Structure formats: C-alpha cells, structure tokens
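Across the two complexes that follow, chain A remains constant while its partner is chain B and subsequently chain C.
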Partner chain A sequence: MISFLRMRLAGALATIFGASLISFILLRVLPGDPVRLIAGPLASEQALEGVRRQLGIDLPLPVQYARYIGGFVTGDWGFSFTAGGPVREVFASRIAATAELALFAFVIAFTAALILALLATYRRNRIIDGFVRVISTFGLGTPQFWLAMILLIVFFEQLNLFPGPSGRLDASTLAPPRVTGLLTVDSLLAGRWDAFSQAIEHLILPALSLGFVPFAFLVRLLRANLLEMSREPFIVVVRSKGIGYWATHTRHVLPNAFLPTLTASGLILAELLTGSVLVEKVFAWPGIGALVVDSILRQDYAVVQSFILLTAVLYVGVSFLVDMLYGVIDPRTRNPVSQRG
Partner chain B sequence: MSAQTTIIKRTARPRITFEGVTAALRFILLDPTLLIAFLLMVLLVGLALLGPLLWGIDPLKLDFGAVFAAPSPQHPMGTDSLGRDIFARFYSGAQISLTVGVVAVVFGAVLGGAVGLIAGMSGGWVDVLLMRTMDAILAFPPLVLAMAITIGLGAGIETAAIAIIVTTIPWYARLVRSDVLRVRSMPFIEAAVAIGMARWPMIRRHVVPHIMPTLLIQAAASFGYAILALAALGFVGLGAQIPTPEWGAMITEGLSDALTGRWWVGVFPGVGILLAVTAANLFADRARDLLDIRAE
Partner chain C sequence: MRAVRGVSFEVRRGEKVGIVGESGSGKSALALSILRLIAPPGEVVGGQVWLNDRDLMRLREREMAHVRGSEIALIFQDPMTALDPVMTIGAQIVESIRKHRPDVSRKEARDRAIELLRDVEVPLAERRIDDYPHQLSGGMRQRVVIAIALANDPPLLIADEPTTALDVTTQAQVLDVLERAVEERGAAVILITHNLGIVADFCDSVKVMYAGRLVEQATPTDLFRSPIHPYSEALLRSIPDPARLEQGPLPTIPGAPPSLANLPAGCAFEPRCPLGRGVAICKNTAPPVIPIGQGVAECHFAEERWADNETMRKEAAADDRS
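Up next, the complex of A and B:
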C-alpha cells in the first residue's frame, strides 16, 4: 500500500511538472511580445528594456522557468492589469462565487442523475429508461453557453420566473456579511431570508446550465453500472434469499455501482471548471470563469496563466485523491497484484 | 464473435467495393441508432455542400434594410444585427465545423495512433517518455488546454484546429497502446516472429488491423468533441474571428440579442452544434457496442 501510494504520488508530481512545462511554453514563451502590450505602442526602447528586465524576459529560459514555478509555489501569481491587483487577490475575491455555483450545479446534477438512474433501472422501466437515454445523449452534445442562453430566453425573458443575467443578488439587495463567501450560507447565518431566497433564485439557471453536461454524463454512467451490477451472481443470491427488489437495488446494487462512478470525479471536476468559464460570462456571474474570459479578450495573460496551471494542479490532485480513496473504500484494489480493470 | 472476425478481415485489406458500400448502407438502415446518426449527418453535410448552390446568399452580405428580420420564407432562420441571412451563415458554419471535425479526426487519429503504436511496440524508455508526455497533456481539462494553445499560437480557426488535435492525441495514444500491448502477447505474433517476419511488415499486417476498431470508435467520439471545442473556443473569442460564420462565434453575437426578443440569432447555430455532436456520439456509442472486443 505504501509503495503503491509513493508510486502514485511520484507519478502525479511528474505529471504536474510536465503540465507546468507545457503551460510555461504556451503562455510565457509563445505569445508574441508581452512587453509591447504592457509598455504600450509608443514606449521608448529604454522603457521596453526596463519592462523586459522587470519581467525577467531577458533571462535565459531555464532561469525564467524556475522563477515562474517559484513564483507560483510561493503564491506570487503575477499582476492582473485589467483587474488592477495581484492575480491571487483577484482570484481570492472571486473563488467563492465560482465555488458556490459549481457546488450547486454538482448537487443538482448528482441528485437528478441518481434518481433517474435508479428509476430507469428499477424493474427496467422502459419509459423512464428511454427518456434517460435520449436526454443523456443530447446532454453530451449540448454547448453549455448555448443552453444558458436558451434558459435565459425561456425562464427570464418569456416566463419571467427567474432573474436575468445580473450576478448573484438583485442590485438593490445588500449582501449579507461575509463569513464563508457562499451567499446562501452567509444569508442564513445572518438570518436574512430575503437575501437567501434571492441567492437561490439567482443560482438556479446558471447551476442548471453548468450541471446539465455532468448530469448527462453521470446518469449514463450510473445507469450502465447499475445494469451491469444487477446481473452479478451475488445479486441473484440476495434476491433468492427473499430480500425485496427495491432493498436489493438500493442496498446491494447501488453501493457497488458507485465505485466506478467515483473514478469519474476527475472528469466531472474538469467539466465544472471548463463549464464555469463558458457559463459564468452569460449570467454576468462574478466568478473566476467570467474573469478568465474577460482576461482572454483583453490579453491579460497573468490571469489566464494562473488559471490554467491551477486547473492542472487541481485536476491531477483530485484524480490522485480518488485513487487513494478507492483503496480505502474498496480493499480489493489496495494490492496492485489483485488490481482489477 | 463472427462480426468481429469479419471486421478484422475486412480492415486487413482495406478495399472499397460497391458490394461493401451497399452492405454497409444496409447495415446502417437496419440499425435505428445508426440510422438516426446517419440521417443527421446526411442532413448537415447536405446543407454544407448544397446550401451555397441552392440558397446562394452570401453569409457575409450586410443588408441594413432587413436588420433582425424574424424567420420567414425569405429568411428561414431570420437575419442578425447587420441584416445577414442566418440560414446562409448556418450552412457556412456547418462547412467550417464539419471540415475542422474531419481534419481534427484525421490528424488526431494518425498522430495519436502513431504515438500509441510506437510506445506499445518499443516499450522501455521510449514508452515511458511518450506516455509521460501524454499524461502531461491529460493533466489539463481538454478545453482549458485548447484555450492555452490558441493563446500561445494566436487566435484563429487554424490554431483552434491545432489545439483540438493536440488535446485529442493522448486519447488515441493511450487506447492504441493498450491494444498493441494486448495484441503483442498473442500467439500469432509469436508465430510471425518465429517464421522470421520483419518488424514493420509484421506491425502493418498483424498489429495495425487490430487497433482499427479502437481508432474508429475514438475517432467518432473525437469528431463530436472537435465540433463542441471549436464552438467553445469561438465563443470565448479564441477560435474563428468576426465576421466568420462559425457556430460558436455566432452564439456569442446572438447572446446580446437573445434577451430583446431576437432569439433566432443565437438559437439556430446551437441547434447545428447539438445535432452534429449528437450524431457523432450516437455513432461512437453504437460502434463501441458493435466493435469493442474487450466489452465481453
């Protein structure tokens, strides 16, 4: 177990190293002349030289890379000239909005997927199963930003059931005192029911747009796993002992079907991260995703660069964690010799 | 089992015959899932090819006399803020997306397949180096990496296509490598080595045919990904540039009009994306059911 852990950790670190090299080359070495961009088109040769030295672009590439990684690890992620502050502070002020949205999207997607997958496989309900298959097929082909637009057209413009693209609260509402940064939690802590219901209303459409693709993915996976598990011999044994169908389904089939789903959490995280970039902009959501899109348009690459490397670290970190969790939950996978699939 | 062997036999000597094509068509027509996927693709490809001939309106032509015209027989999908005909832009978008999809699939499959084949056949440090590189690419969510690549190379359709190709290479490489490792341990390879067959002819004759089903399935899935990714890159301004009628960029343009009652500007391009990607996914799913040797 320890050697397996050590090997996995070394692998994860090597991957992050490779990823950092890729992002260094793509965003530091390749894109044009950042000096011109910062100093402006009218800057003198002397001023350019100054900026170059300040940025460290005159140094050899390996030194630049070392400084880049050193800066990243110590929390110096550069300066965002569009937001007018250090990237790390800008991220810190926006992470709660993104986290709250992603969390909501995930909870909606997971709950819906679980219920629908159980109903679809329980006694092989044909109608629900057909519905699940159609919706998951379309779900995987839906561009999130387009879905966001459709939801706004239908539920805001036409039916006026939910607020439009106006951020996390109505403009006239005062935000509750910041404790966690999650408005739903903070407003409850402050006992502000008006802010709470507004925060929920503002969350629903963005969360639906962001959660739809993970939902489609999860429901498909759960359905397939549930079907596969329900055909296992031990299920027949449980049934022949006289345990009811529903109890067998939820108590014996479901926990086993969950394990492969856990492996997909990396993919779901990736989906939520990229999704936030595509969805937040549509809803004027003050999160990191919208910031990244604005930074791309204004060529403020310090932001984009940090986002990309952070994403890789988070993504690799989560799949490492999942591997470890897998060993804890299912002892059969602990010993690499008996590892299955 | 018999279906698999015939496929392997057929791919061993790829020759397109009339009988082969009609047999494939009959197979598609009798399979509901494949039929839907096939019809969707025929519709989109048909629009992309015949649109310019039959409709013939310039997708870039401005008409300030017909700004924001609602869908009507004259403009089946309406017009946008500059009076451009959205139907013309829709099929031009189909041309762009389908072309990028095909290019991405061909290059991705060839390059990724080659990486997987080389890694699997050579083993040792070549394998480690290649697969570590693939892991580093896989460390990013694909779209995030695609964004980084287009930033590095400069925004545009060509660089977006390159970015999409790069992000798909590891998928092929991993699958093909594991296929190669599986095939390599089979008795017929041992036999081929034993009778003194040279390395490359053996790979071409006995290994490559076995990785074709995997490549095909992944290619279909990647086609859908490519179209979706191109649209997403276009949406954030890293793909096609204004005024190119690319579906993702068209949705961005339509976004500002969506809440003022001009829904048609952004809705139709998204329908195009949805149909194209769904067709590709349906095809990939069905192909996986029919061809996947490991799914027993």
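Up next, the complex of A and C:
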C-alpha cells in the first residue's frame, strides 16, 4: 500500500510539473506582448520597463518559473491586471459559481445516465434502449454552446419556463449570506426558500447544456458494460439462486459493470469543473470560465498559469479519488496483501 | 434451431441421474431449460417439467424464482466464472439463504454459511467466508459453488459438469464432497457430464444424449457391460484406459455432431454410425423409443443388439455372483 501511494504521488507530481511547465512556456512563446496591452500603445520605453518589473517578467525565465511554482505553493498566485486584483481573490469570488454549475450538471448527467442505462439493459427493453441509443448518438454530436442557445430559445423565449441568461439569481433577489458560495446550499442554510428555488431555476438550463454531452457519453459506456456483464456466467448462477431480474441487475450486474463508468465520471467531473467556458458565456454565468477566456486573450499570465496549475491539481486529485473508490468497488484491485492463496 | 428435442425422463427422490454426451449435444441447454434460465434470444418453445405435482413451465416468473435455489439448485460448470467477483463468498451464500427465508437474521444466515462451507470442506471456513472469489483456488471456488447450491437444502440439484474445469486430484475431492453432501441430505441429482468414469461411480442411472435427444437410458451397469446404442458404445470405447494402451491410439468417433439447425430426417447418428451408415431405414426414418431391459434406446437395431448381448450379460452376472 505504501509503495502504491508513493508511486501515485510521484506520478501526480510529475503530471503537475509537466502541466505547469507547458503552460509557462506556451504563454511565453505566444505572439503578443502583455506589457503593451497593459501600458497602452503610446507608453514610453521607461513605462514599459516599469510594468515589466512590476509583473516580474524582466527576470530570467528559470527565476520566473521558480517564483511561479513557489508562489502557487505558498498561496501567492500573482496579480491579475485584467481583473485588477490578486488572482487568488479573483478565483475565490468566482469559483463557487463554476463549481455549483459543474456539480449540478454532473449530478444530472450521472443520475440520468445511471437510470437510463439500467432501464435500457434491464431485460433488453427495446423501447427504452432505442431511445437511449438515439439520444446518446445525438448527444455526442451536439456542441454545448449550440444546445445552450436552443434551450434558451425554447424554454426561455418561447415557453418562458425558465429564466434567461441573467446569471445565478434574478437581479432583484438578494443573495443569501455567503457560507459555502454555493447559492443552493447557502439559501437553504439561511432558510431562504425563494432564493433556493430561484437558484435551482437558474441552474437548470445551463446545467442541461453542460451535462448533455457527458450524459450521452456515460450512458453509452454504462449500457455497453451492463450488456456485457449481464452475459457473464456468474449471472446465471445468481439467477439460479432465485434472485429476481431487477435485484440481479442492480446488485450483481451493475457493480461489475461500473468501473469504467467510475473512471470516466471522475474525468468528466474534472472537465466540467474547468471546462464550462462557452456555456458560462451564453448564460452570463459569473464563473471562472469567462475570466479565463478573457485572460488568455489579454495574455494575463498570472491568471492562466494559476488556472492551468489548478486544473492539473484537480485532475490529479480526482483520479486519485477514483483509484481509491476502485478499491472499494472491486476487491481485485486492492493490494494483494490479504491474499492467502 | 433446437438444442434439446423430445427429451423425457424422470428423477425420483434421492436418485442420481447422469446425462452424458459430447460437447454441443444439448446437455447444458437441458439444465438451463429445467430452471427456465435460457438466455434470450433463446427460449423454451414447449414441453413440461414436473416437480412433484407442478409443471414448472407454467409457473409465473415469481413462483419460478422461488423454485430456483430452494427446490432446484444449479452447480455451475466453471468455478472460475461462476462467482460474482466483487462480492465476498459469504455474501453470495447468505444472499441465497435470505432470498428464500427472509425471516433468518443476517447473523444466523452467516453462521449457516460458515456451516455450509465446513460441509463442503473449506478449511478455516469462519475466516474464508469474508474472502473474495479471486482469493480462492479453483477447487475451493467449486466447493463454494456447491455450498451455494446446498444453501436451502434443495431436493434436486443439477450439476452441470461440476468437475470439468478442475485438475484430476481436485476433481476426485470435489466429487467426494458433493457425493457426501447429497447423501446426507437425500437430495436427487442430475449430473451432466461428458466423463463416463464419473457416471459409473456416482449415478444410479445414465442417459446418453446425442443431438438434443436422449438416445439411450440405462443403469450404469447395463450401459457399461452392453451398450445398445452404437453412439453409447463409441463413447465407452473412447474412454482412456491404460490396459488398452497396446492396442494403439484411442478410438474416436469419426465426424462431428450434426448441426442442430439442419438435422437429418432419420437417425441423427446415422452419418457417423458404424452400424447404420447408409442403411435405408436409419437414413430415412427416425428411430422409435424401444424399451430395452430396464431402460430404453432409440435405435433401429436396439432389440437385435440387446439379444446379441444377452449371453455376455449372463456371463457377467455369473461372474458377479461367483
């Protein structure tokens, strides 16, 4: 177990190191000069020099890199000149919005995929299975921003069932006191039912647009694995004990078919947490995605570098968590210490 | 295509019936049909399975589920794939117990599972019960499979090639375990196998299956001494026997079983039969079921062969007496 952990840790550090190095180099070889962008086209050479010193990009590259990593570890993530504040504070004020949206989208995608895959494969239900196959094929080919706009046109403009692209709450509604930053949780904590239902209403369309592709992917994967497992010989043995179809399906087929879905879910969650850029734009969602896009365009080194490093840490963390869950679900992946021949 | 056709036999309380035949003869399909566990798109298109006074084919699925595991249990052929890999063996035994007796507490069911594991001679049962299948050897896994089948003391066990996947020493041990457990409980057994040696040791009666039909039914003694159906005879001759080594290589049955999708009009064995190949009646007419001695055979030559063997049987019986 210890050696396994050590291996994992080394792998995680290597991943993070690689990601940081690539982002560091890419930003610096991209054409364009952030200093010019900040100081303006008419600034004097002296002023440019001042900005350079301020940003720390007058220093030799290895020193810059060391400061970047050292700063990240100690919590000094640099200064964002586009947002006009320390990167950490800028992120902190926006990360909750992104996280809430991503989690909501993930829960929808995961739950829907689980239920539909189970129903589609349960005694080969042709109707549900046909539906699942069509919708998942459709889902895999759907661009998120396009779906976002279609959903807005149908459910906001035409039917007026859900609020439009107006952020996380109606403009007239007072946000509940900030505890976790997740509006649904905070409004519940404050007992503010109006804010809670509004937060949910605002979440549904962006979460659907964001979660549809992951849903399509997960449902396909899980369906295929469920079908494969339901043909395994041990399923006949379970059935020969008198266990019913549904209990066999959920207690024996599903746990055995679940591992690939678990792995994919981890990556999807990480992707949702970092990749909701366009959907955030469409729904005017005050999250990290929009900030990052702007920062890339303006070569705001500090923001982009921190974001990529944060993403890498997140991916590594999620995949580590998934590996731990593997052990819980599949005893064969646990360390063979308990093996007694 | 039909894997099992017109098969009819009965098993009495406590009787041990062997069903033998080569691969693809329909043995496993028969076992799964009795339990109504043929996987779709396969299905049982007709027939009856009477358990005491109920026709299992006409039960509702819910009633059938109650029969499985508590009145008829299955011992599956390959222990390597017969157990759920992500569940402890204890949980798999307990699941069967509690399915049929929901009033039994978890603790009691667990104690009973340990007892069952002891019955099938799993050493250190109280520790092994929390193991996962991958932590056990093939022989141990097959004992667990047997323990699961015995969990509710079913009056009928269907053992589908219970020892085929095991090495010879383990085979003997597992068979011993099975035999003792069955004897203690007075359960009837349908033993499906291609191994005639096991049948001779274990069974009270033998059915020989070919191309989805029972071509001969007899006591093991009769079958071994004087097989009536040419297929039975050929099967017997292809058992490896050290005493016959000098007589050259092991005889095999030429050809392969017929495609079940395209059965001949006459006897299904005719194209491979040393006796009937090319004979008009064998080629064109399906043989009737002919009662012979204590059994039956489906062969046009059955009576002839039975008469031919009469003297041989008498001599053998005389040997037995002396």
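Keep in mind that, in the parts below, the second predicted complex is superposed on the first by the 313 of 341 C-alpha atoms of A that agree within 3 Å, B and C clash if a C-alpha of one lies under 4 Å from a C-alpha of the other, contacts with A are read in each partner's own complex, and residues count from 1 in each chain.
Going forward, a contact is a pair of C-beta atoms (placed from the backbone, for glycine too) under 8 Å apart; a residue touches a chain by one contact, two chains touch by 3 or more.
Just so it is clear, the model here is predicted, and its values are computed rather than measured.
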Clash or fit (per the criteria above) of chain B with chain C on chain A: fit
First, second, both or neither for A:255, with chain B first and chain C second: second
Which partner reaches more residues of chain A (counting touched residues only), chain B or chain C: B
Touched partner set for A:177, first chain B, second chain C, both or neither: neither
Contacts of A:329 with chain B and chain C, given as first, second, both or neither: second
Touching partner for A:231 - first (chain B), second (chain C), both, neither: second
First, second, both or neither for A:124, with chain B first and chain C second: second
Partner chain(s) touched by A:277 [first = chain B, second = chain C, both, neither]: first
Following superposition on chain A: angle at chain A, chain B versus chain C, Cα, nearest 10°: 80
Three-chain overlay, closest Cα atoms of chain B and chain C, distance in Å: 16
Set of chain A residues, in rising order, touched by both chain B and chain C: none
Residue ranges of chain A touching chain C (in the complex, touch as defined): 123-124, 231-234, 236-244, 251-252, 255-256, 329-332, 338-341
Residue ranges of chain C touching chain A (in the complex, touch as defined): 32, 35, 37, 39-40, 62, 65-70, 73-74, 76, 78, 81-88, 95-96, 99-100, 131-132, 134-135, 137, 145, 148-149, 151
Footprint of chain A on chain B - complex, ascending: 132-133, 135-145, 147-149, 151-154, 224, 228, 231-232, 235-238, 248, 251, 254-255, 258-259, 261, 263, 266-267, 269-270, 273-278, 280-282, 285
Chain B-touching residues of chain A, taken from the complex the two chains share: 11, 14-19, 21-23, 25-27, 29-32, 137-138, 140-143, 145-147, 149-150, 152-153, 156-157, 164-165, 270-271, 273-274, 277-278, 281-282, 293, 296-297, 301, 304, 307-308, 311-312, 315-316
